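Down below are the structures I want you to see.
Here subunit A shows up in two complexes: once beside subunit B, once beside subunit C.
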Partner chain A sequence: MKFSTPRDAILRPLQLVSGVVEKRQTLPILSNVLLELNQDGLKVTATDLEMEVIARSEVDQSMPGKITVPVRKLQDTCKTLPDDAILNFELKENKAVIKSGKTRFTLTTMPAEEFPVIDTKKSVFEFQIQQNSLKRLIEKTQFAMAIQDVRYYLNGLLVEAENNKLRAVATDGHRLALCDVSADIQTSEKVQVIIPRKGILELSRLLEDNDEPVNVVIGENYFRVVFKNVIFTTKLIDGKYPNYEGVIPTGGDKVMYADRNILRQCLIRTSILSNEKYRGIRLDISNNTLIAKANNPEQEEAEDEVTVSYDNDALAIGFNVNYLTDAISAVDTEQVRVIFSDSNGSALVKPFEDEDCLYVVMPMRL
Partner chain B sequence: MSVVNSFPWQQAQWNQLSTAYSQECLPHGLLFCGSRGVGKKGFAFALAQMVLCEHSMESSQACGQCKSCQLFTAHNHPDLKLTEPDDEHKPIKVNQVREIIDFMNLMPHTSSHRVVIIDQAQQLNHNAANSLLKSLEEPPANSLLILITHRPSALLGTIRSRCRQVLFPAVETALASSWLADQVPGDVNLLLNLSHGGPLLARELAASDYLQLRQQCFEDWLGLNSNNMLSIANKWVKCGLENVFVMLDSWIMDLIRFKAANDDRLIRNQDLSSQLINLVKHLDMSKLMRLQQQLLERQSQVQQNINANLLAEDIMIRWLECKQVA
Partner chain C sequence: MDIRKIIHVDMDCFYAAIEIRDNPQLETKPVAVGGAADRRGVLCTCNYEARKFGIHSAMATAYAMRLCPDLIVLPVNMQKYKSVSQQIQAMFFDYTDLVEPLSLDEAFLDVSTSMHCNGSASLIARELRQRIHSDLGLSASAGISVNKFLAKLASDWKKPNGQFVIRPEEIEEFMLGLPVKKIFGVGKATASKLAEFNIETCADLQAKPYAWLNEHFGRFGHQLYFLSRGQDEREVSTSYQRKSLSVENTFMQDIDDESELQSVLIRLHQELLRRMHGLSPGLKGSIKTVFVKIKYADFQQSSTQHSARDATLTVFQLLLRKKRKQDARAVRLLGIGVQFSTDDAEAFVQQEMDFNLEL
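And then the complex of A and B:
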């Protein structure tokens, strides 16, 4: 195996993949990256056994081959070379020799066959989607995923594909976020997968805000997103997601419209004096006004009033203020629509008119 | 490429489990019980390789060729998780079990199954054992949990009842000694006697300087008097008091056995039998029994935070008393 390349052509893919390499590994080979060289160029793969990132790069290859080398050392080697350096990589007697000018590094290697890559044979189906749609899907929902819940299937994002529609759902048992985007999908039946939390966070780092298409492959045990130069794969959570549709309240008749920013500011202000553990806040809504009240064990009190558009029966209801502000912040219209049924029923937070995303927040007993 | 094989004396267990596997009725929780050094862990690895192999369904045998077997041989299999205490007497902590739970809740990586092996399962501490229960009771499909222990009684009853127990009895002497004779030089029968019939433990003893250490400690023990006691105690603590206590225990047990039955075939430490028989003449049975009791207590205290020198000296004083009055 032998190739030569400008420094950046190998540094960039290394930086892309090295994010998934953990500092402390269970298996020594996981601190290595897999380098595969063939006619298509150089393929760099890193994994932590839960997710895998592959980056491609164009290099001048003179002899194909594959090998694994320690990622941190290789990355630091490249990083500290001058910007315009040309790197010569060669495999000699199971050592990777990197030469550039008068600099020379020899790194240990491990055989490529021993590197665990996710088996992508069992693919269920694939489709194309714009990058920003996928990004939106994740951004609008990911905050509601549970963290280290014993109901392990909640520690991830449910992605559901049906005809022309891709849906994401996240819930931690107290609140729920749901978002739909349109996508070019043809499927006879609904496909549901749960992507682990860690994978979602990494994926949202990789997604960019443009309308370039990406390929999404859903397999039996993995979820893969194929970018132009990067392939991201994560394992799936092995479990069944609860029936989220039953949680979404229907038939709420008390609709409140409010300026999103003003309402949000009001909640954030009031929340300063809410109980630090339970984060309770009381909302009194009547006649186009909303009064938010909070108090804490030290008997300090906060009260704030905002003008909203509401002409129904007076309503008093309590919430965990964090859940409510999270939901309101995720809406991107200027006005936000909140639908209540009564003081014991969940509130439904939606954008002003659109129906593509919704947030359910459970109330607290006052 | 190679295939991890079970040991020749494990054929019955292998047949039982591989048949269950090929009929797709392998239980999801297995508890391997048997004394030390009979190859339970090796068997667990052999079973794990077969379950993870891509082609084993037809042949009930790992192929040694597929990607999965390749990764397995390189100790890099992503769908195999081995959990054991950091150190022999340290507990397995709840964090290690949480890692197992996270591992089981994700889909397998390369193979269709995932396998967790918990070695020294008796070291699971209370919290760890309890947090394992849920996964042990209803793990996700296609998972296999193997618990290994030489003291099943030390496990929670709720863990035992959730596993299918697989027993690994002491290995037949003829089979064990012929296997061991191929592996190590020296007195195979003595080694097997010292390791209570565990061939792997015997091999380990042969590879270390155990026999030499034992000879030295035995001489110390015979020549023990109130003048050299402190220096010998120091020396024993340096060699690892725990090992020395195990040796002491086996010598005292030999004395008791011989005293009771007057039959030198019952002596496990055959190479020391003439010296042991000499000793017995002057000793009193009830005192020996009491000494043995005390030794057991001290043995369990070695792992606790007690000055090792004091423990060693205490046993020495009692041993001298035992000898003196006689």
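And then the complex of A and C:
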């Protein structure tokens, strides 16, 4: 196996895949990347057994072959070479020899045959979607995923495909985020999969903000996104997602409109003096005025007032300020709409008039 | 701050002493109260006669019987002990309103402002112990000092049926020679960690800077720093606040069958809900975490918890499954419970979504 390439043509794919590799490994080969060279170019693969990223690159090949090498060392080597360096890679007696100018590195290898690949035979269905739509879907929801919750099915993102619509839902039991985007999907029945948290974070790193299409493949036990030069695959969480529709409030009649940025700033300011652990704040809303109050165990107090549009019955309600700020930050209209029912009911946060995303935040009892 | 006067009253082998009082023939015999050996019970307490054989509370009854075949093990009569405990507590209130019961047989009294016995804490303790003896036929030990930590240490000093004072001017010398394992919260694990650093006594501990203790023992390091100097600012808190509620079951035979464990879990959960029903609404609403506890056949114990506001069966089921995935050994004891939030600063209680979870 032998090839020669400008530095960036190998550094770029390494940077795309190396996020998958866990820092600490029980299985040594998982610290390596798989390099495969054939007439189509160089294919670089990294995996953590749950998720796999493959990146392709054009290189000048002179002898095909495949091998695995330690990803961090290879990446650091490439990264520290000069920008315009030409790199020569050669496999010699089970060592990977990298030469560039007066630099010569010899890395250990492990056989390509031992590199684990995710089994992706059974495809359920496929569709195309714009990268930025998929990116939006994730960005608008991923913050509400649970982290290491014993309800393991919450430690991921629910993705639901139905006719012409792709939906994502995340919840940790305290708040919920939901976003819909349109997509060219034809399916006789709704398809639901739960994508693990780590996969979602990695995928959102790979997605770019342009309208180039990607191909999404939903398999029986995997979820795959095919880019022009990258293939992302993750296993699914095997579990039943809770009935999220049941916790989206429908009966709320107390509607408040507020300037998103002003409200956000008010919450962030007030939160400085909320209890650092529990993050409780109190909102008093009446007569087009919202007063946010917080205090902490040191008996310090914050009070902040903003003008809003609200002419319903006076309402006093408590929230974890982080949850509320997350939801309001995720709305991208200038005005935000918040719908309450009463002090004990959840708040529904929505864009000014669009219905494509919504956030449910459970209150804190005062 | 003015110097406080704290008394720690500790009844001598309380449950056993009550049983012996009610049945004087037992007086010279080794007696214990607890669960029966053939039901894999554990001893709650035993008298000094039994302690000569190396028997102590929390010991498996079957094991205690091996140490002392003549041991008389009486069943637990909690109702009786409770009513005696109430009689004793009523006496405490004759001297001060600041009474903090720790359990049925132990309490802290803050008598700093008490006018009884010319304001002498030692005399109050003596009088209390005499009254407990003459009115109830039971013996108590007492420790007197300037804070809870020292008072509790002192009550242990002249046990049984004695009392001991640690005066402010004696604290320094007293602490220097005190082994670290006498500090509240220093169990086997901490003691051995301390031993690694050649720390055996409080004098050794005092030699360590605050930052060092904090680095090696986290928040507990803070406590170690002050307790090793005999300093303890904790107030005698009069309103007892329940911190947790749990139910558990020791099996007649170890269980390793998952479905059997799950059905035990369902019964335990029903029992937990029944017990919670009796609690105040405020307390019920302040659940902070739920937990599952497992003791294996080799007595090794392990627990796992999850923050939750509700004691739903689902969460316990998931916790048990998680635990079993990690370790599928046969189980001797299964327990579940809830911990309540005791943080006063937490005026806000996060509400949970109700997914109507089904498994």
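Just so it is clear, the second predicted complex is superposed on the first by the 345 of 366 C-alpha atoms of A that agree within 3 Å, B and C clash if a C-alpha of one lies under 4 Å from a C-alpha of the other, contacts with A are read in each partner's own complex, and residues count from 1 in each chain.
Note that in this section contacts are C-beta pairs under 8 Å (C-beta built on N, C-alpha and C of every residue); 3 or more make two chains touch, one makes a residue touch a chain.
Since the structure is predicted, the reported quantities are computational estimates derived from the model, not experimental observations.
For the composite obtained by superposing both complexes on subunit A, the positions of subunit B and subunit C are in clash. Residue contacts after overlaying the shared chain place A:Lys235 against subunit B, while subunit C stays out of touching range. Contacts of A:Val306 after superposition: neither subunit B nor subunit C is touched.
In the superposition on chain A, A:Ile118 makes contact with subunit B only, while subunit C stays out of contact range.
By the document's definition of touching, neither partner reaches A:Val217: not subunit B, not subunit C. Using the contact criterion defined above for the overlaid structures, shared-chain residue A:Asn320 touches subunit C, although it does not reach subunit B.
By the document's definition of touching, of the two partners only subunit B reaches A:Ile29; subunit C does not.
In this superposition on chain A, the options for subunit B are 130-138, 184-192 or 256-264, and subunit C clashes with just 130-138. Counting contacts by the rule stated earlier, residues 150, 152 of subunit A appear in both its interface with subunit B and its interface with subunit C. The touching residues of subunit A, counted against subunit B in their complex, run 26-27, 29, 49-50, 111, 113-119, 150, 152-153, 196, 220-222, 235-239.
The residues of subunit C lying in touch with subunit A in their complex are 285, 306, 314-315, 318-319, 322, 343, 345-358. Within the complex formed with subunit C, the subunit A residues making contact are 149-152, 171, 173-174, 176, 240, 242-244, 246-247, 275, 277-278, 280, 282, 296-297, 318, 320, 344, 346, 360, 362-366. On the subunit B side of its complex with subunit A, the touching residues are 67, 70-71, 74-78, 81, 101-102, 104-110, 134, 140-141.
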